[in-house]
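See the structures that follow.
Heads up, the next two complexes both have subunit A, just with different partners, subunit B and then subunit C.
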Partner chain A sequence: MDYEVCRKVWDSQIAAQITIQNRDEILPFYTMLPRFSYFSVVLQDILQFFTSRDNELNLDGEKIWLESKGVPLKMYIPIGVIFDLNNEVEGDTWHIVIKTSNAPSGYRTINRETMEQIYLQNLKEADFLKRKAETIQNMQIDEHRMLWDSICNNHFDDFWGINKKLMDTSDKMFDSIPLRVYERNRPAFKQTLLNPRNDSGELVTVGHAICQLLAISEILPTSTLISHGIRIPAETPLIYAAKNLTYPDNFVHICVLKND
Partner chain B sequence: MEPSSSYRLDILNQLDAREQQQKPIQTMFRHYATMAEQVKRNKKMQSVSGADQIAALKEEVATVYRMKNKNDQDLINSNRKFADLESKYAQMQSQKEQADKLAEKLAENIERLENDMVQLKDDNNVVTVERVALANACQELSEKKTQLEMERVQLIDKIRELQEKRAEFMNAEIALQEERAQKLLMEQIAKAAQDISYDERASSAFGNSPETSDEFMMTDVIPNTQKFRISAHDGDVNDIEWFTEDTFATAGNDNKVRIWSLTPNKSGATKIASLIGSNGSVTRLDYEPERRVCLAASNDKTCRLWNVDSQRLLATFSGHTDKVSSARLHQTHNVVSGSSDRTIKLWDVASLRCLKTCMVGSIVYDIIAKCGGCHSSFASGHFDKKLRFWDSRQNDPTKILELDQKITSLDIAIDGSHLLASCRDDTLHVIDIRTYFTVHTYSAENYRTACDNNRAIFSSTGDYIASGAANGSIFIWNTKTTRLEKVLRAPRAPDGNSILSLSWNQSGRGLLACDKQKTCSLWR
Partner chain C sequence: MSEVKKVQVHLQAVANAPILKHKTFNVDSNRDIAWFTLTIRKIMNLPADQNLFFYISQTFAPSPDHTFGVLRDCYAVKDCVNLQYSTTHAWG
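Moving on, here comes the complex of A and B:
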């Protein structure tokens, strides 16, 4: 594990300005949102902030939905991924509106417990891809809970203490790399089995993997690969990315943005 | 593994740049968060403090209210206490006024008392002076008294001496008399020894009386004249009885029985002795010649027995609850007595015990003891007009005879078969004991029974009966002819001199009468 990179990746944050729909008299909430967390997790704190500000404000955690620039925000995708997907400019503060009106159809408000389950599911999927889920199945429930708690409470050391086991390739190489590719304006991500090494034994690069995924010949210079808010060089080995540039669910989420 | 490849460097640089870029905003947001936190805290503190203040103020208000309550309560208590104290004070004031008045009065009293005391002291002085004077007088008088006492003692001594002398004289005289009597006795004995032609019957008569021996007869001679009249007692003379031919006894209301002796010429009687011991007037006498004892029934509820010669009181029979009206010697060692307590008692002389008490039911006026052929029979006369004949061995009367009026006295003739009963209806009845028939009833024109105790008698032979009347005369009837033979009237005898009792001399001559005028008289 590349400590420096992992650490910086974990500490990445987004400046956010949160307001409430139709309540302009309430001063907005300014906060730094951690990229690796989920809206389901931070929403509680945001709401608590607002209610402490104004006791009469009654925001039901089950009924509200989040929107930015008119786009509903998915709660089950890491915050960093959503930001990268929706925003072009890195330096701006993200305007998020808490909407109390009816959510659009298909929108699911996820609470924290459900998010935990989704997270663990993703984690198991990633480990299955990597080594047929041997490691995660050998892990105890306490360790799963600790992983989730360290995400909720921003404990880097606790998290990587357990995550190390999932990233261990001293024994043998991963079978395949968990990678999800997002494209703007595309609803879902793309995912496929990707070998860390190609036939000739060389490490597969990220650009190569994405080409393989998107079925394109090469990465055009107009497209940028964004993950964690930074441009990932195409020649980064996939295995390197899998170990150091993953989100807590052990997936590498990359957004392909076209520079128009 | 840390490859120093370019891609890594590229990534690192981007991450660093981004971090730097975000730093100000991060700082700003941090400050914002802190400020928000501060605002929140302030608000909480304010609200908290506000709430705290309110709570504190509320508590204060509560405490203030409580204190106010307490103060109000205290005020009320104080007011009440004050009212109490005021009333007490008023009370005290009035008491003080009263006390002042009292003090004034007491001061006055003290003044008055002091004055009195001064006066009393003066009086005391005066009295002391008087006392001293009186003490002196007293002393003088006591000296006189001692003197007089000494004189008295001297006089008493003298009296004693004189009395002793008198006693000596009396003794001497008695001795002389005794000598004389002895001499006489010796002479009589000598004479009697010479004269052996004495009649047996005469010698069986009481004593030896040479003077009357030639006059002795067994026939009754009706007396004519009063030979003498002597004052016998200090009160009524209730009974009179011949002891011997020359001696008789009188019983009087002065509680004494006097024994008299006839003077040789029968013209007087001298008192030989007095039998004393009775505490009430003596009502009836009885005489026992063999043992020379005299039995007297008395109003002091007793019968007494004296020895005539020694004048000693031999016996007192007490047991009756009322005056004893009559007592007789019976069967040589018994006494039968009848009393106003309606009983007849039979006594034993030796043991002085009452052997029998017969409840008769009527006041006993007289008893006669030697009636009938049987020695143990006696008769009694009663208030209820009945004459009862008794046998001392039985409790009930053997015969009851009823007469017309209460029976005042009984007498039995020397033959023992005729009974004389004197009745209050001024009659005398002679009853034959054997047949219980009234032989004859005697009465006379002027004859009035003297009193309830009037005693009528047979003559010594039974030929005559005599009774004293209320007017002082003695009526004598002849039993054979049943006619009034004689009325004896004393010369110069005052009327109303009731004759209470009679006694006919055993020799037949000499009738003694005693009366209410304290005298007794002899008729021959």
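Moving on, here comes the complex of A and C:
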């Protein structure tokens, strides 16, 4: 584990301005959103802030939904991935609207408890790809709980105290690397079985893995690979990304952005 | 890879989940779990307050955004995606 990199990735935040639909008289709420976290986690505090300022305000946490520049924001994808995918300008304030109208069909408002379940399922999938889910199934329920609590409470050391077990390759290398690749204006992510080494025993790079996933021969110079708001060099070994650039769900999430 | 193909899906009921008459489906590779969940709910006539979960390898539940193309590429056995389904949390 590269402590400096993991720590920087964990600490990276996005400045956000949050307003409520059709309530221009209510002052916006300004906050820093942790990139690694989920809207389901941070929303509780945001809603509480609004209602504590205005007792008359009635915001139903099970019904509201989120939107930015007309695009609905999914609650179960890490905040940083949504930001990178929506191609917001790094450093600019993200304008998010809490919507109280009917949500678009298929939109899921997810509370913190349900999000914990979804998080755990993602984590299990990542470990299933890495080593048939052996590590996570040998963990105690308490350890799963601590991973989630450390995300909710922003405790880096507690998180990595347990997460290092999921990252350990001293006995056995990962079978495949949990990588999800997103493109703008495409609804779904891409994911496949990616061995950390190729048939000649060389380390597979992030660039090669993405070419394989998108069925392209090369990453064009006009495309940028972004994760955690950082440009990821195509020659980064996939195993390095899997150990140091994952989100807490143990997936590497990379957005391929085309600069027109 | 963007070409839409049919993916064979086999369903297996666990716990007290309603049994389906047809257990094998051919699903477009660009369809996702969110769509599939709605479709199967309709076939089963599940009441709105009842959950429906799908699992891979009796281990984890794929996310609503997993397409059947991804499930085939990562988890198919002999070109078939096997999903277990349950109306309660079956595996953690």
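Just so we're on the same page, the second predicted complex is superposed on the first by the 259 of 260 C-alpha atoms of A that agree within 3 Å, B and C clash if a C-alpha of one lies under 4 Å from a C-alpha of the other, contacts with A are read in each partner's own complex, and residues count from 1 in each chain.
Quick note on the criterion: contacts are C-beta pairs under 8 Å (C-beta built on N, C-alpha and C of every residue); 3 or more make two chains touch, one makes a residue touch a chain.
Predicted, not measured: the structure shown is a model, and the values here were computed from it.
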Please work out whether A:Y107 is in contact with subunit B alone, subunit C alone, both, or neither, and reply first, second, both or neither. neither
| Touching partner for A:T31 - first (subunit B), second (subunit C), both, neither | first
Q.
In the overlaid three-chain picture, which partner chain does A:I230 touch, first (subunit B) or second (subunit C), both, or neither?
A. first
Check: What is the contact status of A:W160 with respect to subunit B (first) and subunit C (second): first, second, both, or neither?
Finding: neither
### Query
Between subunit B (first) and subunit C (second), which, if any, makes contact with A:L129: first, second, both or neither?
second
Footprint intersection on subunit A (subunit B / subunit C) at none
Contacts from subunit B onto subunit A in the complex sit at residues 1-3, 5-8, 10-12, 14-16, 18-19, 21-22, 25-26, 28-29, 32-33, 36, 39-40
Within the complex, subunit C is touched by subunit A residues 74, 76-77, 106, 108, 117-118, 120-122, 124-125, 128-129, 133, 137, 141, 144, 187-193, 213-215
As the complex stands, subunit C meets subunit A at residues 1-2, 30, 32, 34, 56-57, 59-67, 70, 73-74, 89, 92
Per the touch rule, the subunit A residues reaching subunit B in their complex are 2, 4-5, 8-9, 11-13, 15, 29-32, 49, 52-53, 90-91, 93, 228-233, 235-237, 240, 245
